[in-house]
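Read from first to last, the chains carry the letters A, B and C; within each, the first residue is number 1.
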Amino acid sequence: MSVSNLLENWSEFRHTHPVDDKGYPDWEAYPSDIKWAMAIDLDACTGCNACSVACYAENNLPVVGKEKYSHGQAMHWMRIERYWDENDSGFQADQGARFLPMMCQQCEAAPCETVCPVGATNHTEDGLNSQIYNRCIGSRYCSANCPYKVRYFNWYNYPEQENAWPAPLNQQLNPDLTVRTKGVMEKCTFCKQRTYTARNNAKTEGRPVQDSDVQTACQEACPTGAITFGNLHNPESQVAKQWQSQQVDLIKDVQEKDEKEGNRLRGYRILEELRPYPSVMYLERVRESAV
Amino acid sequence: MGKDIREDIAWAQINKDVLKSLESPRKLYWVIIVIALLVFSVGIGCEVYQYNTGMGVANMDNPHVWGLYIASFIFWIGMSHSGTLLSAILHLMHADWRKPIYRFAEAMTTFSLLTAGLFVAVHLGRLWQVYYALPYPSERWVWPNFQSPLLWDAMAIFTYLSSSILFLYIGSIPDLAICRDNIHQGWRKKLYTLLALGWEGTDRQWRNFRVTYLTIACFLIPLAVSVHSIVASDFAMSQQPGWHVTSFPPYFVAGALYSGCAAIITLFIILRYVFRVEEYMTLPILKKTVRLTFAIAMVWTYLNCIEFASVWYSHDQVAKDVLIQKATGPYAPFWWAMIFCGSVVPFAMMVKKWQTNIPVMFAVSLLLNLGMWLERWMIVAPTFAHGYYPWTWDHDQWPSLIQWGIVFGSFGWFTLLFMVFCKIVPSVSMYEVKEMVYHRSLAKKKEEQAVKEELAVKGAN
Amino acid sequence: MTENDFNRRDFLKVLGWGGAAVALSGCGNTSIQDGQETVTSYVTLPSFVVPSISNYFNSTCAQCDAGCNIMGRVREGRVLKAEGNPNSPINRGRMCGLGQSGVQAHYNPDRVREPLLRTGDKGETLTWDKALGLISEKLNGTKGAEIAFVTGGMSGHVQALLGNYMDALGSKNHFSYEAISPAVLRAANKKAYGMSMPRYRIDKAKVVVSFGADFLGAWISPVHFSQQYAQFRKGTRPEGRGVLVQIEPKMTLTGANADRWIAVRPGTEGVLALGIINVLGKAGISIPADIAAVSKEYTAERTSKETDVSAEQIEKLAALLKERTPSLVLAGSAAEGYAHGSQNAAAIALLNRVLGNVGKTVEASASVPFPQIAPTVGNRSSLNALNDGLAAGKYKVVFSYGVNPVFSAPASMKFKDNFAKADFKVAFAHYMDETALAADLILPLDSAMEDWATVVPEYMAAPEGAGSNAYAQMSFRQPMMEKVFPDTRGVGDILLALLKQRKADEYKPFDDFYSYLRNAVLKNKVALGGKAGDDDEVFWNETLSKGIVPFKGIAGSVSAKASAAGLKLPAAADADPSYPLRLIPAVSASMRDGRNANEPWLQESPDPLTTSVWDSWVEINPKTAAKLGIVEGDIVEIASRSGSIKTQAYLFPGIHPDAVSVPVGYGHDAMGRYARGVGANVFGMLDAVYDKETGELALNETSVKISKTGQRVIIVKEEGPAGGSQAGKQKIAVQVSADKVDLSKEV
């Protein structure tokens, strides 16, 4: 019984990866009518860090303190990267800095998923890359294989670290999700607690999920509205429209923008040549050359 | 060059000599045991601290999620390979010079696998949940992920470990019987009686023994090759630059044999002194081992060059950067030390005079081992420090003392197991040495006969 | 009925509507329903509480003075997270990281938990009754002129109570102090546009030229401006994607987002503005004669020489401004922190007049018809006044609320010593910060999530549409949960209790600040958008649930008559060879003036530009650093004539080679576990140079020298050794030139 179940599950598991060889997103074969995706407009992003702090507040991320931060053990699921122009002389950054919010890209063919020995990281049917904390044994293979390095390991028992949540700071913890113990991997979940509530509510009301049902914490906070989040499967959603208008295709590893010269698009996905098929589209930062 | 095993040595003398090694080793033996215990307890202390506090004390981070534990894991797995090489492959090839040394090489296989297993445990963030990685039918029908190279690893190593234990044990049965017959009191007698499984040395027993031994040997060879190929696929199957290399499996296997042979030289030199078995572990055997090691060293060097070349001529700029960074970045001293120890030092083994020079070979073998350990580290760490994503590049993530302490402790654990084993089970295979002596004396007799005949013919002429 | 009339006026004043230009509803229920709204037992849950389902309560953020409207997410009696109120014209549902961290101020383990009295070096706890009694005792026999009250910027009914209390004490010594304030800007705006805080319309401008206004980071109302900025950057806007040019010696967050960041020599912003006017004139823009008279000597060449900005760049900028209108020119703190800061700001304001932006992108805002609740804005000159009084021994009893002058005053003011001269210092304190430590009596405050208040923002963002120049709003701050520490009190409650000591009769009807506030709001129902006949209870609940009370303000109008009369910019002074560098104290979006330093999220969220955490740093241009032999991580000593600090060096391409920059807000030696000992306090070493017109401390006028101490550390920061380089080959953070993309069809 158990073994046949294993085999059945296995074939099902293989099936849930929607990237197939038809050459277009086969939504018919997709296991659910939801595929969460994001679009981040780097021209609107100011690098202000509001999303990152909102993520700390929403997702019970511990503050690790200076010493652990210095060892690279910070737990920011959403980190803001700051890049300088390569052609600068190094003395003057004439066109400012480039900011990039980076979090789990929720890849459709996620490199992290295949390598986990215990299957603690899985693909959900709504297209997320989930992490089952209870199942995780902490081999950290997923992080080793993540091209974006967006997985964060609980190097310590943070909830019990002296300065993570000393009482009464612990009262702020969001009861919709756990605090993670030492030895497990964690990462951005696209605010799973929110998407699940939205799905359930929509289901109860017998209607599909709409954009107005759910926002991720980072999206909600973003002072410039640079982040769009929603169901890519629903052509009416803002995120689907954005992907569509930028001609970014979930299942392609080279997008229109890079394939043809002069098409005046700016949607791209990071490291897509590695074919993880990430669910986050970035829009290039625009800079005026006239001044 | 020293003398080889005397062909005229009496079988009873062999028994006597070898059994003596179980009773009264040199004082150095006890010194080694005590040091090993101390070293091991350092490791234990560090691990207890790490277990209780969290992996952070090893000073790993994002992206440096793997550290010396994985490097040492590969190193110890690698060490295990030469035991199989010596006992199984050379057995099939009828290389009789292996006979006095294969027993301890096999023991080395088993114990280095046990040590490698420790590193799996030490590495896991949640050791207490390690059984999740086993494919047991749970009430929720939750299985491990059969796609994961780590799971293949676990299975391969488990199979390899159980087979090598079996191989070691079965190969020792005739000797255990000798021990049983020659030792008359104490717990040892009981132990040997139990372990010898009623071995009497009948023809039937010998025939079955030979068949079994040969079968396991045949089974073990592909297993050994596959184990390290699978360990290699932990890396080769991943997508990371510097790891995603097709030639990794043979490269790993060569490296494994290499480090194993180097370790055999080291242990050979130690054992022959400590257990006073100079008469059996003779210098000509050392010489052969050294030559074998040199050959493997060259294979390894060649594969290394292949790896560099294939990276260099590929279009994968990121992998190329990792290689450049290995040679010029913060890891450069270690990387060049690895090249030096792994590819330059072996040329010392070409010098005939040195091939049997104990101090020189001892030093060389240690350097080779160091080189091979560094190789593993240089596979693991630089890729983390210089992966696909420049924002997370990291130059400063050096292992903490805790991490070093555990690695250090593993040597104590290995030495302890090994030394205790050698005190309990004869580290020189008595029956095979007898066989060897017999074959040799036969050959010698034949030779003498031939000479005599020749002389007779000459005389006749 | 004269007596009644008098009472009525008096009563209005008590309630904070005194001097109202808007009619109050004459009659109505004035009785107070005491005791009806008390704590609800959770054994029988209120109908709106469902376990595991969150309720949202509208309130107002207290983390800075912008007054963003927020919603507190409350579950099972605990507030978990703050989110933006989507109906707010200020933040339109958005929030910054600083605001998000408000919950950490609320739950902070280092809050003061009970009243404390210091006698000598010892402290003891005491009851509220005793504490308030002690104040009464100390005030008896003290003349009004001997009492001073120092606060930050204030508004709303707490301010009304404070004003009434000061009146009751007969004191006129209310000092409103802000360590970082746009005081120079207010004065310059008043002159140039006729109002101190007009509304800027970044969203309507095609080009924004900002002289050091960090409107995305820490300037006035950053979340509001970020909203405008988002509109400004949209290619689908009729005006097309806007172009942002930032002119400042130290790159701010706004500078980092500019299309062109121009490093100007510190202090020459006004010169550059006049230079641009000069070039614009040559390009055919008509320049009013008074302005032309001033700008004519600032040719592109001369301007370039003085400002270190290339003539070509100035011409390009002028061409852009000429071609794309309307534009918007902003003057920010970087341009104003000089002895001639007002002159700089005035020169910059001229650009808006020349370009015809006034009325288009600089719009009028309303003023608040109720002077008692209208915002009192803080500045640094008031601290000088307080300090002078303290030094002269004029004040015997000093109250402080919401400010930390002991931390943020320059050492040369000797504020701490002067503060000690007062006989009795009362600190209304959230944390045991430096000022609280120097006080005699410390009264623990409720957090902003436990307390009642009304807030009237200084920068009056208005919804789109007609009448926006008469839009004013009052926002509610309401408790979202029970007190975390039972023995803290709201500032309104304390003031009410103190007032009762003086004017027991007038304030007797109000049991607590809540009843006072409710009464005050209901009293003015009509002006606040209700109808006279509305049920009080319904109106009150609706108002509270909205959290925002729009009301009709006094419509303002902006004048486009910014005059160049009297404008005289000093020639750039040669640097003093012993102090060759200009120190620019940087105000970061999260740390601001340091009042929130004990919120760990803010300490751990990297500075956007340097990515440094948990410490302060000094930004040095790599060129300058090379000259001085400084590499990243060197601990350097930065010495001015007035003091010195030691901190780590960070080589930063976003700073003029003549300047160095250290963030303010770090270097607390008190306050709490997360703030104490983190970084160095740059306030202390500032030279006492003041803006000539407003008397405001000129923050950027400190000249320093830098020397290595020989120590070196690894800077704890988010950035890796690649140092913000993308290694040249991968598409990660990609930038594209505006002419290579078509933004008009994006969705």
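In the analysis below, a contact is a pair of C-beta atoms (placed from the backbone, for glycine too) under 8 Å apart; a residue touches a chain by one contact, two chains touch by 3 or more.
A quick note: this is a predicted structure, and the numbers were derived from the prediction, not measured.
Colleague: Quick one: label the inter-chain contact graph as line, ring, star, complete or other.
Modeller: Its topology is that of a complete graph.
Colleague: Of the pairs B-C and A-B, which shows more C-beta pairs in contact?
Modeller: Between A-B and B-C, contacts are more numerous in A-B.
Colleague: Compute the centre of every chain as the mean of its C-alpha atoms, then state which one is farthest from the centre of chain C.
Modeller: B
Colleague: Identify the chain whose mean C-alpha position lies nearest to the mean of all protein C-alpha atoms shown.
Modeller: Per-chain C-alpha centroids compared to the overall one single out A.
Colleague: Roughly how far is chain A from chain C, centre to centre by C-alpha average, rounded to an integer in Å?
Modeller: Their C-alpha centroids are separated by 34 Å.
Colleague: Please work out the Cα centroid separation of chain B and chain C, and write it as a whole number of Å.
Modeller: Those two chain centres are 68 Å apart.
Colleague: Can you check how far apart chain A and chain B are, centre to centre, with Cα atoms defining each centre and the answer in Å?
Modeller: 44
Colleague: Out of chain B, which residues touch more than one other chain, so two or more?
Modeller: Counting only residues that touch two or more other chains, chain B contributes 388-389, 391-392, 394.
Colleague: Mark out which residues of chain C touch at least two other chains, giving numbers and ranges.
Modeller: Expected reply: 714, 719, 725-726, 730, 732.
Colleague: For chain A, jot down the residues that touch at least 2 other chains.
Modeller: In chain A, the residues touching two or more other chains are 74, 79, 81, 83, 100, 271.
Colleague: Quick one: which bits of chain B touch chain A in the complex? Just the residue numbers, please.
Modeller: 53-56, 59-66, 123-127, 129-130, 132-133, 137, 141-151, 154, 234, 237-240, 384, 387-389, 391-392, 394, 397
Colleague: Which bits of chain C are touching chain B when the two form their complex?
Modeller: Against chain B, the touching part of chain C is residues 714, 719-722, 725-727, 729-730, 732.
Colleague: For chain B, which residues count as touching chain C in their complex?
Modeller: Touching chain C: residues 317-318, 321, 388-396 of chain B.
Colleague: Tell me, which parts of chain C touch chain A in their complex?
Modeller: The touching residues are 52, 75-76, 78-84, 91, 93-101, 103-104, 106-109, 216-217, 222-223, 226-227, 229-230, 233, 235, 241, 243, 245-246, 251, 253-263, 316-317, 320, 484, 589-590, 600-606, 608-609, 611, 613-615, 621-623, 653-654, 657, 673-674, 678, 714, 716, 718-719, 723-726, 728, 730-743, 745-747.
Colleague: Would you tell me which residues of chain A are touching chain C in their complex?
Modeller: 42-44, 46-50, 52-54, 56-58, 63-66, 69-70, 74, 76, 79-86, 88, 90-100, 163, 166-175, 217, 220-226, 238, 241-242, 244-246, 264-266, 268, 270-271, 282-291
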